[in-house]
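The two complexes that follow have subunit A in common; it is paired with subunit B in the first and with subunit C in the second.
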Partner chain A sequence: MKACLGVDVGSVTTKLALLDESDELVSHVYLLTQGRPIDAVQQGLRDIRKQLPQDVDINGVATTGSARYLAGVIVGADLVKNEITTHAVAALHYYPDVQTIIEIGGQDSKLTVVRDGIVIDFAMNTVCAAGTGSFLDHQALRLDMSIQELSQRALTSQTPVRIAGRCTVFAESDMVHKQQMGYRVEDILYGLCQALVRNYLGNVGLGKELEPPIIFQGGVAFNQAIVRAFREELDTEVIVPIHHEVMGAIGAALMAHEEMATNNGISQFKGFEQSEVKYHASSFECKACPNRCEVAEISQDGQTLARWGGRCDMWERVSSTQLYSSEEIK
Partner chain B sequence: MTTVGIPRALLYYQYYPMWKTFFEHLGAEVVVSPPTTRKTLTEGASRVVADTCLPAKVFVGHTVSLVGKCDCIFIPVIRSLKSKTYNCSKFLGLPDMTRAVVPEAPPILEIEIDINRGKRRLYQDIYKLGRHFTWNPLKVKEAATAAWQSLLDYRELMYRRELILPQAMEEITGESQTGLNMILKSQTVPPTTIGLIGHAYLLYDEHINYQLIRRLQQYDATVVTPEMLPGNIIEASVNKLAGKAYWTYEEEVVGAGGHFLESGVDGIIGIMAFGCGPDSLMMDMVHRHATRQKTTPFMCLTLEEHTSETGVITRLEAFMDMIHRRKQKGEAVCV
Partner chain C sequence: MGNLYVPCRAVLEQLGVDYVIPPVNSQRTLSLGSRYSPEGLCIPFKMTLGNMIEAAELGANTLLVPGGYGICRLGYYTRVQEQILHNLGYDIEIIQLGVSERKFLGMMDIIKRVSNDSPWRRILSAFRFGLSKLNAVDQIERIVQKVRPVELIPGTANQLYTRAVQAIDNADDYDTLKRVKADYLGQLKHVAINEQARPLIVGVTGEFYVVLEPFSSFDIERELGKLGVEVRRATFISGWTKFSLFLNPFGINEKSRIHKAAYPYLKRDIGGDGWESVGEKVLHAKEYDGLIHLAPFTCMPEIIAENIMPSTKEQMPVLTILCDEQIAKAGVLTRLEAFVDLLERKRRKQNDQLRVTV
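Entry: the complex of A and B
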């Protein structure tokens, strides 16, 4: 079986998706990044391999998400794509007539406007992370409940209380205040969900035309209370795709397929064995100029595979070690 | 011989050839602070109150780096360049702010340019500046005329020969500007033209904009900047979009934006500093017109003191993808 693999390494979760030649989803995995993207990718490769038949032949690999360059080095990516594009590609694949894509992940929230099957505008949260998955996680933890429980209980609310959603700090103090006034936890939780949706629409969605069909994807779409709040606020149907949490990885796999088909190339995929290789990630401060860039490097068996993080390309070419007497500037 | 120090920040990008010619004609030597680095920014940020804007912090950092390298530092105040236009208060108070936060700085040479006060006052002010070097009014006049001519030459290099600002600067001053050489493109992909709008001190400071122009060129884009557009076209666009200009540097944002919306570039990217009052109004105006017009994609990038460039890169990549995929689709329809 020929297949394409998409790897999406986000701030909180890592997603892998495998599509066959007719772009059907064969299998996918969804696991926590836990601040260790290399381990997460390797674990993901291990997990997805278990679900696959022996004869699978990887024809193309693409990585996406905030750790896309790092993941790209580990798996040997044919294509490294930003998560805005991959999410749009996946949504358009399943819903060709989509006009609006809402995507909320661990630390980012994005809005993509599509007309006639073409992305015409997008926005991403700027300085504020209010309304992303991390904040909901944090609030669930504070109330000593799982994120699933938060979603379930918020759904039962009949008379939500108003919570300020402009800023996570204010939202939290507002919630504490409302708790101490004696409001029901369910109503406070749903009030929080509404506040996050309002904040999203007023921040990321500012000045954008949100026309239906609206697709809601990303990890936060698991939260039925947020989905309900979006439906009520927008007063329209909000579609949550079945595989909403791996849409980025699916989009990456679709783009890998497209890329390999147009270029007729041979995949750079390093094989599932990469999950057993020991990688070593480290960083150093370059002293070549006053910028003092923090250069990160990833190596395997003492051999540097890639470096990034520098303002110039001095370290990005791997062979730089020979060009510069590294002891002096490292 | 007196050495005049010029911080490589804010108005430097637009006027340096003029200032250099003026001071050199009066027998002074000119030194410019080295390009912005992380150290410049940290030094500047540590001296001012937290909500000072990013370009002003950079300016202070450059001033600090000039201490001990010159006998005086030149900090002009530009109030207005046309009648009834106004400038941001950070520009107006720049010499005073610098004196307050960089007490070890050498004497500061000031000149206030305010067209509202009439030409006579302008000439008096230029003479007052020149008097630091000579008592002879004729010499000052000669220096000022030469300076004006070099500014005109500099601008012409940009809009007639379409040189990007650092190239024009290099050609006219003979001083090499770090980086930003036009990359010769392979014409395998149809070129994408990106119109950049924003102030020169943001567009050409590679440290604070995360090498924006270089990155765009790597994505096979041809970059057009406000300086490459002739003044009369830009002015007409401002009048069309905003009525009469209110801000001194409105042309770089509203004027260029309006022109790009009409001239059919493939996309417009606006660059502004976080917390900039005038820019937040001007960018919004361009954004609204772009939304209404619906044919030209527009994106505004806000620069701040983030050390991570991920946010900017992700947005730039997505923006370029959007344009490329749009073009592909468009061509497919034509065939």
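Entry: the complex of A and C
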């Protein structure tokens, strides 16, 4: 079986999706990144390998998400794409007439505006993480409940309490205040969901036209209470795709397929055995100029595979070590 | 700011003024500037304050600051910066080089004073030489913008550019300058490029300082070049100097075309470069594939421009990027990549439709 693999390494979770030649989803994996993207990718490769038949032949692989470059080096990506594009490609694949894509992940939230099958505008949260998965996780932890339980209990709310949602810090102190005043936990939780939706629409969605059909994807779409709050606030249907949590990986796989088909290339995929290789990630401060960039590098058996993080392109070519005496500059 | 030091050095050298050029902008400049600036001020203020401190550390006692007295708070910047420097214990005077409320005569006084009372003939010839250097640098930069996206070996144009600026800076007379310029223009012409490539064309506009100082705006032009995009920019220092130092005092303004374009949506100067940002979108909507609008965080004029731009009749995708010391480059790059993807897919779709109609 010929297939394309998409790898989406986000701040909180890592997703892998495998599509067959007719772009049908064969299998997918969803696991926590836990701050160790290399381990997460390797674990993901092991997990997805178990679900596949022996004769699978990887024809193309693409990476996306905030660790896309790192993941690209590990798996041998044919294509490295940003998460805004991959999410839009996946949404358009399943819903060709989609006009608005809401995507909320672990630490970022995005809005993509589509007209006639083309992305015409997008926005991403800038400095604030209010309204993203991490904040909900944190609040669930503080109330000693799982994130699933938070969602279920919020749905039972009858009279939601208004929570200040402009900033996570203020939202939290407002929630504590409302708890101390004796409001029901359900109502506070749903109030929080509403506040996050308002915050999203007021910041990321500011000045954008949100026309239906609206797709809601990303990990936070698991949360039924947030979905309900979106429906109420927008007063329209909000569609949550079945595989909403792996849409980024699916989009990456679709793009890998497209890329390989147009270029007729041979995949750089390093094989599932990569999950057993030991990688070493490290960083150093470059002292070549006053910028003092922190350059990250990833190596395997003492050999550097890639570097990034500098302001100039001095370190981006791996062979730079030959040009500059690295001991001097490190 | 950008390559402005090249002509300034030339002028001061010719006039025999004892000068220091502060080190190029670095993280240290920004950190120094931010530490002593009020939090809410914009990145041009913080960067220039950092430059001033670094210059003072090198022993400067007078600072020349080219710049006008605009409508936004920028007009007060040098006065505030002077106060901050005094509070830090530096005995330093700031001279603002630009058109003051006394118009042309005021500027003449300043120039005469800075040049240690040199005769006018000498001053004029020094300025002429400085301007030739400036024009040479800008001319080379325009070519680099075109070569960057299509070069076969990435980084070639950037390397040539860095070397060219250095060589122009070192040139002592017109002959050397001319030779150096021709040499680098020739080298740039012979860079191996992909002849078939039809790069996307993206305009860069916004607030003057962040547009011209790559450090403050995440080296956006280089990053776009890496993504295979040709950058067009209307703002060059040479153009600005020509007008704001020499022709504006006589009421001649090169921007009237841009202002006229913006007029249906914004009827007056709102300070900074907000009026120009709107005008550029309107003027170039047909010519560019997209526009990148650079705005310093908390910059009032550019925020107004950002909000006017979506409503213009002339349609073109615009990406506004806020420049601030707190914003991480990774986020900016993700947005840039997505923006370029958007433009590419749009063009591909338009081409497909054309083929169908044919």
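Observations on the model:
Operating definition for what follows: the second predicted complex is superposed on the first by the 330 of 330 C-alpha atoms of A that agree within 3 Å, B and C clash if a C-alpha of one lies under 4 Å from a C-alpha of the other, contacts with A are read in each partner's own complex, and residues count from 1 in each chain.
Assume a residue touches a chain if its C-beta (ideal position, glycine included) is under 8 Å from a C-beta of that chain, and two chains touch if they have at least 3 such contacts.
From a predicted model like this one, the values you see are computed outputs, not experimental measurements.
On the superposed subunit A, the positions of subunit B and subunit C overlap enough to count as a clash. Legend: residue contacts after superposition of the two complexes on their common chain; A:S66 is shown touching both subunit B and subunit C. Shared-chain residue A:R311: touches subunit B and subunit C both.
In the superposition on chain A, A:Q107 makes contact with neither subunit B nor subunit C. Of the two partner chains, neither subunit B nor subunit C is touched by A:Q152.
By the touch criterion defined above, A:S134 reaches neither subunit B nor subunit C. Applying the stated touch rule to the two superposed structures, the overlap between the subunit B and subunit C interfaces on subunit A comprises residues 66, 81-85, 117-122, 124, 126-127, 207, 289-293, 311. For subunit C in complex with subunit A, the residues that touch the partner chain are 23, 26-29, 154-155, 158, 219, 307, 310, 317, 322, 326-327, 330-331, 334-335, 337-339, 341-342, 345-346, 349.
If you check the complex, the residues on subunit A that touch subunit B are 66, 81-85, 117-122, 124, 126-127, 207, 289-294, 311.
Of all the residues in subunit A, the ones that touch subunit C in their complex are 66, 81-85, 116-122, 124, 126-127, 207, 289-293, 311, 313. Of all residues in subunit B, those touching subunit A in their complex are 37-40, 206-207, 211, 274, 287-288, 291, 294, 297-298, 302, 304, 307, 310-311, 313-315, 317-319, 321-322, 325-326, 329.
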